[in-house]
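These are the structures, in structure tokens.
Look for subunit A in each of the two complexes below; its partner is subunit B in the first and subunit C in the second.
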Partner chain A sequence: MTNDDFDAFSVAAIVLVCVVTLAVGAFGLRLSRTTSDFYVASRLVSPTRNASAISGEYLSAASFLGVAGLIYERGFDSLWFPVGYTSGYVVLLVLVAAPLRRSGAYTIPDFAEMRMQSSAIRRMAALLVVGIGWLYLLPQFQGAGLALRSVTGWPTWVGAAVVVVTVVLGVAAGGMRSITLVQAMQYWLKLCALAIPAFVLLWLWTSQGAPGPLEVAGPDADLSAWYEPLTNFPDDPYPLYSTYSTLLALCLGTMGLPHVLVRFYTNPDGRAARRTTVVVIGLIGLFYLFPPIYGVLGRVYLPPHLAEIPVDQIVLELPKAAFPGLTGQILAAILAGGAFAAFLSTASGLVISIAGVIGQDVLRPALARVTAGDSGVIQSFRLATVVAVVVPFLGSVLTAPLGLARTVNLAFAIAASTFAPLLLLGVWWRRLSVPGAFAGLVVGGGLATTATIVTVVLRPDPGWLATVLAQPAAWCIPAAFVTAVVVSLRTPDRIPVGTAKILARLHTPEGVELQSLR
Partner chain B sequence: MVSGGLHPPTAVVVLVAAILIAAGWMLWRRHRERTHGFLSDVDRATYETLHTVSLAAKPLREGLTEDGATRAARHLLDMLHASAVAVQGVPRTLAWVGAGEHHREEVREHTASVIRDGQTVVIPTGRLSCDDLECPIRSAVVAPLVVDDLVVGALAAYAPESSAGLARATEEIAGWASSQLQLAELGRERTRAMEAELRALRAQISPHFVYNSLAAIASFVRTDPERARELLLEFADFTRYALRTGGAFTTLSEELRNVERYLVLEQARFGDRLSVSLLIAPEVLPVQVPYLAVQPLVENAVRHGLAGKTTPGTLTLEARDLGAEAEIVIEDDGVGADPERVRAALDGGADGENVGLGNVDARLRQVYGDEYGLVIETAPGAGTKVSFRVPKFAPSLHQGGASVVR
Partner chain C sequence: MRETPSPEGTPERVRVTSSRRTSRAPARRPLETELDEQTVLGEVYLRGLMRAQFRLAATIIAFGVAGLGGLPLFFWLVPDARDLRLFGLPVAWLLIGVLVYPVTVIVAASYVRRATRLESTFTDFVKRLS
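Take a look at the complex of A and B:
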């Protein structure tokens, strides 16, 4: 759908979101925190607020635009996506949240170093964090491009550039540096931006007699592939396998996302980490009630046989199709602003994480060598921010989008095949050895990456092989686990010294004094 | 699905793959250079031996442990060209690598005289009996491992025939292994020395503060007994915190709570002349800091910055989130100081005035490394700004190390 008419309302909403984000980032801490009262100043971040911040950073373009698009295109099978995005936190809650917080690690490379006491594994983990983060940033930038094109008709790189500039200014200037309050507000902003238009649209729909997608499509159309579960699509002939593989990737991938773990550090202890995770599950579950509404209503007001719309734009186009006129424009503006909030918060969280790793593990040692130890933390962090943003920006400009949710799923699959074995075995298995952990990372990361390369470069004809390669999680994750376990069992002499001590610390509840540890 | 241009995941994935391939190629090149360089056979043998030596050195640096001895013994076996190598400690047999593991139980007996006398012993062919005719463990050379003139173990090399070459090689390698163990001992001593230094650097409460606080409390005893009681309780809590025994670390929020107690006591003395402004990022409150790292800096600001001032002064305490690090800034608009004198205080030049600064600086450097010391900006009449950074995750703090867990 070409939009020659420039949608002033939506552009105003987007500009407003960008400016407010920058302003709050620059002055937010100062506004909220100057006091002479120690009780106020030293109040820890409450689990609810931290959970809002985690949710605000986690709900990305894929959630805001992609899920609705998938449901619009593929039907009820895609409902597994929001389920998977949420259930990842259940796994996180049950298996790793509290031990990870007790480990004192700030990033995944920190955890790797602390648990395995190996700088090789730390470097490998740092490399993976950067790779996964870049892959995750790509759809954020592309989504921004799509959203801006949808409301202005400008080429897609403009939207990506707007997000890049805002994020770099915010992060590098030091203002937006992962302020919990700002990210927490982002969650409520996104929720309102998605929920209010949804309620208005639902009201319109019911007042029109609630026509279903079948009635709109007419008696001749065959929509069974859309409303029946586990139906075949030409590019997906094994829906059962694909669904399970996707679910596995989402369940185990969440714990490996670079910007999620960082926030858990804000919790004072393991118990607060668990409580935070429970609230996150509630908040994210609440949010995911809304994208399906857009997917289904899209079928009503923009049936695919009448409208040719890129599926990821369905959320933005829907209000204008349902309400021609001012109401539709206002609703579209709210959604566009919300979508930009999603791009900005997720992108800034990711950029901070990636830049932290690049700055700490790559740039600072290099800069220290060049300038003989004369370079500051801030300089290397700023330089790292630019590096962290430029690579995925070029990727988003030079490449054609694959679909927001699907690109994000690739990031999840790689995270699940690499960090899930490292974290789960690291937290729960005392016989994990250094070569075992390393081999798990290499095999999981290598297989998942290779499968993706083969799928998208060679494009095998649809068939079981193509499906297996397109959904690598179901076999990459077990392969990584088996490799890590077998190699560890074969190298029992390379189990890190002090493993028992470390595990005792990870699993001892707060309030229990461990005398023997000292 | 895709009409033109590149495919996004393809690009990323191809990039990652290219990096992996490049890394693999470099490793392979390096391996090839190591094995097929332009070297004569003698040179290559020398380099290979040197390489094996360096491989064996690392596990030995951990001292005589079962794990380290086993890993080192593998490389020692390569160098000695014997059938098996055993490492005996006092009193246990630590490692057996090579053929004939069933002789492991006898190592103790073979090495007993060496450990007692510190002299290399050759056990000639025939002295070692074995039911297995194929077993190559027929003779042995046993050399002592000596650290600080004390025999701490023995290295035994087993072969079908003992030769002069094997005896010489075993003795030399035992000597070299002894020097590595000596290094391990030095390393341990250095760690102990550092821990002792850290204990000696234990933050101190300044005696001035104790006198002044008690004097201030005394002045309230008659006029405002209730206030005096509260201040005494604050004083008790403060001293309990400052004199506690236990870990050397605490969270920033605990430390701030203690700064609050300190300031309540100082405000009893200064009254309205001291106002405090706080700007704390809540994200950094759970960060681990050396305990009593902030309070002495606040005390320094109050005693040297604001006490000399006639007009009311403001103390600003700020904690910022710098991503992987937290920055803590203590600023006062007091009388300031001569930078040279502050430098002298940091270097430990004892004019006794800024003891707190030097102490905190030394402890920060000790724990986190030299780039994490105090940064002080001051000039006479211009106030003072003291800041330092703390990494959110410090590996030295979290490896279950000796003095630092909780």
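Take a look at the complex of A and C:
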């Protein structure tokens, strides 16, 4: 790519999104006063706005660019990705939403400590939150680099740097209250940015007689592999296993993502947490109606045998291919702005959660030692924000992209193999012991991380072993559950003393006043 | 059940109240206290609620596993279904690309209705006994 690719409309849209994000954040800053405001928006965010914020935060680069790219590349089998992203919220809703809100904890490490009363488990959970968060930030930064390169020709680190700076300014300055407002706005921004060009493209396509991807590919081409479910690809010879493993990772991984749970603490109570989740499912479902349109129309206007485009850029390139001229440029600018809203919102949410953990578990104790307890909570949070973005930024600059949606899926698989057992057993099982919970985290996290590293670094030759390692959820999650249960049953004397009281707190409905809740 | 059982030898319980509780009817406390202190009675009620909630959650998940999770297996076992058309549109794409989302919202909303009803029944029961 050269500087001839400089697309002024798209750059203007990207600048506009960044500036509006900072402006709304600054407006929120005037509202945020106390530490509680800063972390959890004082738990006074209305369900609708909170649901918009959760959806805005959840719909990342993988959803905005990656899903459409995968559908363009692989066809039907990629439709399971958005289905899994949505179903994850159903699992979260029915199994953990209300109890977790009632636990009153702010992060997963908080919950782990509150439920298991063990600082070792808290530290392990904190380590995992930071690891999963960094892995999830990586594709956001890479996506930003790709998007900015496709509209300006600049090197990829520039786009990543733009996102890093905007996020740090927004998060470090305003905290959760202002971020809630920003995220809520960004959901609607993303939805419009994806939906409006989709409708225009659909209108164009039907007015041109709606040639399908099959006709465009020509009579000789065999597109049935793209069209039909369960296709054997050379690098994925076991489609049934891959489909189920992906679905399992996405369904159980959502509850374990660091930036998802933090959001639930901004609900006023458990019932509000449930109502909010239903709205979230509706909002993200609405959004996921659109990426397949780009995947399919990409096959029409940018058929793979003619166009050589990285799949993650299909969404951004499609309007220009379909409408040469001004209309295409304007649509492309809308999409570029929406894509940046996606990078910014997900990255902000992740950075808030990672910074919360780093600030609470690492920096505050360290600062307290140095300054003899003189340092404030907010200062350590701001410092932690910087730490939280630097590592994945360097990672995004130094490593080759693996594909946005695939990287995100590995983060889901690790979250599903570690936090899903901890949360599900923690909420529903009285006999979970401290060694059991710890062993579950170690086994699930160890296996999933190893599989991820082997897949990313060694890249084994296609075959059953490569498939099993690239899709680790189907065996890591059961292994983690079995380990946690077996070890717990063998160490009944290490069940936390207050388990019954804590479960009463998690499951007692609002309206029944427990004294231990005050 | 009006009195909280207190073990021998322990000092008599002192009720510490804060201003935020003064507006509440004091008669409401006993069964809630049972729940709070995990007396046998409180445990029984709470276990009942948890079991009912878990059964509801399991029903919803079983529905999802059968309905959604069954589809890949169905396509695997019945290859002819993979290219099924309805008015020229591929049925598999319509199911997984479009129809799945409204169904998910309906299922989620019906879960919330049922879960809230379970909790209201529990709350009413506790208050009636108090």
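Rule of thumb we're sticking to: the second predicted complex is superposed on the first by the 487 of 518 C-alpha atoms of A that agree within 3 Å, B and C clash if a C-alpha of one lies under 4 Å from a C-alpha of the other, contacts with A are read in each partner's own complex, and residues count from 1 in each chain.
Note that a residue touches a chain if its C-beta (ideal position, glycine included) is under 8 Å from a C-beta of that chain, and two chains touch if they have at least 3 such contacts.
Just so you know, these numbers come straight off a predicted model, no measurement behind them.
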Between subunit B and subunit C, whom does A:Y288 touch in the aligned arrangement: first, second, both, or neither? second
Is A:A355 touching the first partner subunit B, the second partner subunit C, both, or neither of them? first
Which holds for A:T452: it touches subunit B only (first), subunit C only (second), both, or neither? first
After superposition on the shared chain, which partner residues are touched by A:L240: those of subunit B (first), subunit C (second), both, or neither? second
Of subunit B and subunit C, which one contacts the greater number of residues in subunit A? B
Once the shared chain is lined up, is A:Q117 touching subunit B (first), subunit C (second), both, or neither of them? first
Just to be sure I read the superposition right, which of the two partners does A:V94 touch: subunit B = first, subunit C = second, or both, or neither? second
Between subunit B (first) and subunit C (second), which does A:K501 come into contact with in this model arrangement: first, second, both, or neither? both
For subunit A, which residues lie in the overlap of the subunit B contacts and the subunit C contacts? 501, 513-514, 518
Residue set of subunit A touching subunit B in the complex reads 29-30, 33-38, 41-45, 103-107, 110, 113-114, 117, 127, 131, 134-135, 138-139, 142, 174, 177-180, 235, 265-269, 352, 355-356, 359-360, 373, 377-378, 381, 392, 395-396, 398-403, 407, 410, 446, 449-450, 452-453, 456-457, 493, 497-498, 501-502, 505, 513-514, 517-518
Counting only contacts in the complex, subunit C reaches subunit A at residues 18, 24, 28-29, 32-33, 35-36, 38, 42-43, 46, 49-50, 53-54, 56-57, 60-61, 64, 68-69, 71-73, 75-76, 82-83, 90, 92-93, 96-98, 100-102, 104-105, 107-109, 111-112, 115-116, 119-120, 122-123, 126-127
Help me check something: in the complex, which residues belonging to subunit A touch subunit C? 76, 79-80, 83, 86-87, 89-91, 93-95, 98, 224, 227-230, 240, 243-244, 247, 271, 274-275, 277-278, 281-282, 285-286, 288-289, 292, 428, 500-501, 503-504, 507-516, 518
Can you list the subunit B residues touching subunit A in their complex? 1-14, 16-17, 19-20, 62, 67, 70-71, 247, 251, 253, 256-257, 259-260, 263, 275-283, 285-286, 288, 321-325, 371, 389, 392-393, 395, 397-400, 402-403, 405-406
